[in-house]
Amino acid sequence: MIKYITKRFINMIPVILGVILLVFVIMELAPGDPVLLILGDNASEEARIAKTAELGLDKPLVIRYLKYVSNFFRGDMGTSYISNRSVSIEVLHRFPNTLKLSLVAATISILMAIPLGITAAVKQNSFFDNISMVVSLIGNSMPAFWLGLVLVLFFSLKLGWFPVQGATAGWKSYVLPSVAIGFMNMAAIARTTRSSMLETIRQDYIRTAKSKGISKNQVIMRHAFVNALIPTITIIGVQLGNLLGGAVITETVFAWPGIGRLMVQSVGSRDVPMILGCVITLSICYSIVNLLVDLLYGFVDPRVRSMYT
Amino acid sequence: MQKEVKVKTNLEQDFPKTSWSKETIMRLRRNKGSMIGLAFLILLLVMSLSADILFDYDELVIKQNISERLQWPSIKHIFGTDEFGRDVFARLVHGSRISLLVATSSVTFSVIIGGALGAMAGYFGGEIDNLIMRVTDILLSIPMTMFAIVIVAALGASTGNLILALGIASVPIFARVVRGAVISVRDVEYIEAARAIGANNFTIIFKHILPNCLAPIIVQITLRMASAIYNTAALSFLGMGVSPPAPEWGVLLASGRSYIRDFSYLTLIPGFTIMLTILSLNMLGDGLRDALDPRLR
Amino acid sequence: MSNDIENILEIDNLFVEYRTQDGIVKALNGLDIEIKKGTTLGLVGETGAGKTTTGLAILGLIPDPPGVIVDGTIKLNGEYLREKTERQMEKIRGKHVSMIFQDPMTSLNPVIRVEDQIAEVIENHNEVNKQEAKILARKMLEQVGISKNRGKDYPHQFSGGMKQRVVIAIALACNPDLLIADEPTTALDVTIQAQVLEIMKELKMRRNLSMLLITHDLGIVAEICDMVSIIYAGRIVEHGTLVDIFDYTRHPYTKGLFNSLPNMKDRTAKLKPIRGLMPDPNNLPSGCIFCSRCDYAMPICSSVYPDYYNINGHVVACHLYNPENIKEEVLFYGQ
């Protein structure tokens, strides 16, 4: 098991290298000279040449990439063109805010979605089932940034219950952003839980369990739920990824001091090292989430577990 | 879907044979949700196609008319007017053109490129498969919205770049779907039979394998369309997609946001339109999935 | 439950329907079954004749919706099961009646250790704690010929035959009064079939078990059963002892079943399959259900469903055995 986990972590390295290369190459296409961006249009010729050499921009792409990678693994992601501060420090400073918001949203949405999905499946075609499925269909289609605006309109501007933006009001500042991004997750997870429960309930081993005379609740929780969890885990992984990717947008709506907002600001100011830092950090998080999800399969399903050894 | 082996039995008299596509359409028509979704999408398509007839682009959509600014919905302007006095309904209708254009072009792009890559990976296997799959691994480990932002940041904000960005971001998804489907039918007998009679790889992939992978691709297309519409609006909302004064839905939202306290319709109506469009695509996608593969119900 | 009742199971005039979008499927149409204590009844019929539905109806596990028990009584050990509440049925299932399902590959929960799956039913019906239940479960495993060390394994680590042994262990863990075995060997290889049958025979002898063996395999019936009921489209068409059915076959359908078997003595003889198919259970004919496929059909057969004619316990539902119709030439007693 430990061997397997180590192997999976090692397998992540080429993917990270690939991500860095890809983003590096794409950003290479960006028009404009970063030196002018830093020094301004009126800089002297010598100053420009000196700055270009200092940034290493006179070297070919391959050399710059290798240098970036070797620095990256030493924890150095370069210096911001704009603020002249270390990208690593800036990103690490913002990262906890993004992580906290994502975790709060994910936890709440998972804790609500799974019971909802199970109940809907057990009472298939009931009023409760229909209502909760309509709600989750809508939730699944509601753009998080718009939901954020609507929530702000009603709960901040009209009712004044929660702050309009920022992360300075304690738990209250978490409510609206986590609902805005969590609602879609909840909807997707609830729908998957329901359909995989329905699928599981029809399996032969559920009939076997019933024929043992154990109570309906036990059949559902002990026999059906654990098996239905397997597809649900997949969708939870996908949704956590969306959560991180969507951070860019919701953080902008709520002026949340996280990586997503940092990235949007950096795109606006063409701060290439900062953009690289944000994308790479979030992509690594995304890969780690996917890895954890894969490991969770093994935890739930002995068939997967036996493939590890 | 595997092709049926035709065996002539007396059963055929008892059960009139309906074709696979007919049965699928029949099942789809029974699904209320997807019919509502389809109806809304058709309405949207018709409106966007006749947008120029309904509302003159320069006069009603772009030209500012300060005397009529910020009017709440009324009979004259059913969705009200924005901060420059432009009719919101006219802008929404013209905006649907951008959303539909971006969604269809980017999905077409990713279906073609992703489909070809996936088909190659699944059919040839080995090193080619390995290479293509590693590249999709890399693409898939960057969250989609982020990836689109990176491309737009590098190439600049424009409708064309947005299409390219969203198109590339969806390529790995189609590559995976098609690869999986191809692998599942690759070694089935009728493919071997086609090979035995000397069909070349191209014929086998395009004539025999791809038609049998259609179901998951069709479902994925509707879902990716929904996602493209979402991302178009999201990126434009952030100022990284279509730029004002073009009446893109995300642009409408972004500009309406400044007036959210007193003129909430400027935020609510465009958002609602985006939601309805995505909802329709999702409902159609659900219906298609159930209709194409009844086992999944 | 009292012990002076002769029949462990009596099913009387049972009607079950599946009400689906595409119409009503009449699965059981007045089924009658009797099993004497300590004996094994073979319920024989084609796919779709209502065999599995019968088993599920006894357990009260007909999927609802779409399944509905329309009419009839089910008496287990003298108690009417259809009058029981779900709670009371839970006490009966696994304890007084248990069932072995057809496909061992899918009958076990893939994410629970096999010993826990056996222990679960023991713990549920007996006053034992988890640890004691587990020890009893391992004993059960040994009884079906599996080393108790393998109890910690998961179903996917077992072969098909081993899985079916586990299923048997679950079914017999609480010493049920009646065991329903639904095609217990159909999904297995021939050699494994023989092993599983041997285990079932042994356990049946040792525990004096009453059993309802659902099968389409007449070979297994000859091997294990005391009595045989032939089911066709949800009704019993012939019932008798093993000797009655095998040596004094009466109903044309039963004859057809035997003719469909290869004859080992005369291998040049052609198989004589029963022509046609079972009628659509959506739309059953008004007369004898077998009429359209019967070589001996008479005019009355297409309009009137035959009564049961009982000749010394050998029961048959066929107009040919109406005393009024018995003529020398149609009486094909014996072979």
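As written, the chains take the letters A, B and C, and residue 1 is the first residue of each chain.
Criterion: a residue touches a chain if its C-beta (ideal position, glycine included) is under 8 Å from a C-beta of that chain, and two chains touch if they have at least 3 such contacts.
Remember, predicted model here, so these are calculated numbers, not experimental data.
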- What is the minimum number of touch steps required to go from subunit A to subunit C? 1
- Query: Which chain pair has the highest count of C-beta pairs that touch?
  - Reply: A-B
- Task: Return the chain whose centre of C-alpha atoms lies at maximal distance from the corresponding centre of subunit A.
- Result: C
- Message: From the mean C-alpha coordinate of subunit A to that of subunit C, what's the distance rounded to whole Å?
- Response: 54
- Task: Provide the C-alpha centroid distance between subunit A and subunit B, rounded to the nearest whole angstrom.
- Result: 22
- Item | subunit B-subunit C separation of Cα centroids, rounded to whole Å | 52
- Item | Junction residues of subunit A, two or more chains touched | none
- Sites on subunit C touched by subunit A in the complex: 59, 61, 86, 89-95, 98-99, 101, 103, 106-112, 120-121, 124-125, 154, 156-157, 167, 170-171
- Of all residues in subunit B, which touch subunit A in the complex? 33, 134-135, 137-139, 141-146, 149-156, 226, 230, 233-234, 237-240, 253, 257, 260-261, 264, 267-268, 271, 274-275, 278-279, 282-283, 286
- Can you list the residues on subunit A that touch subunit B in the complex? 14-15, 18-19, 22-23, 26-31, 137-138, 140-143, 145-146, 149-150, 152-153, 157, 241-242, 244-246, 248-249, 252, 263-264, 267-268, 270, 275, 279, 282-283, 286-287, 290
- Query: What residues on subunit A touch subunit C, complex-wise?
  - Reply: 203-205, 207-216, 222-223, 226-227, 300-303, 306
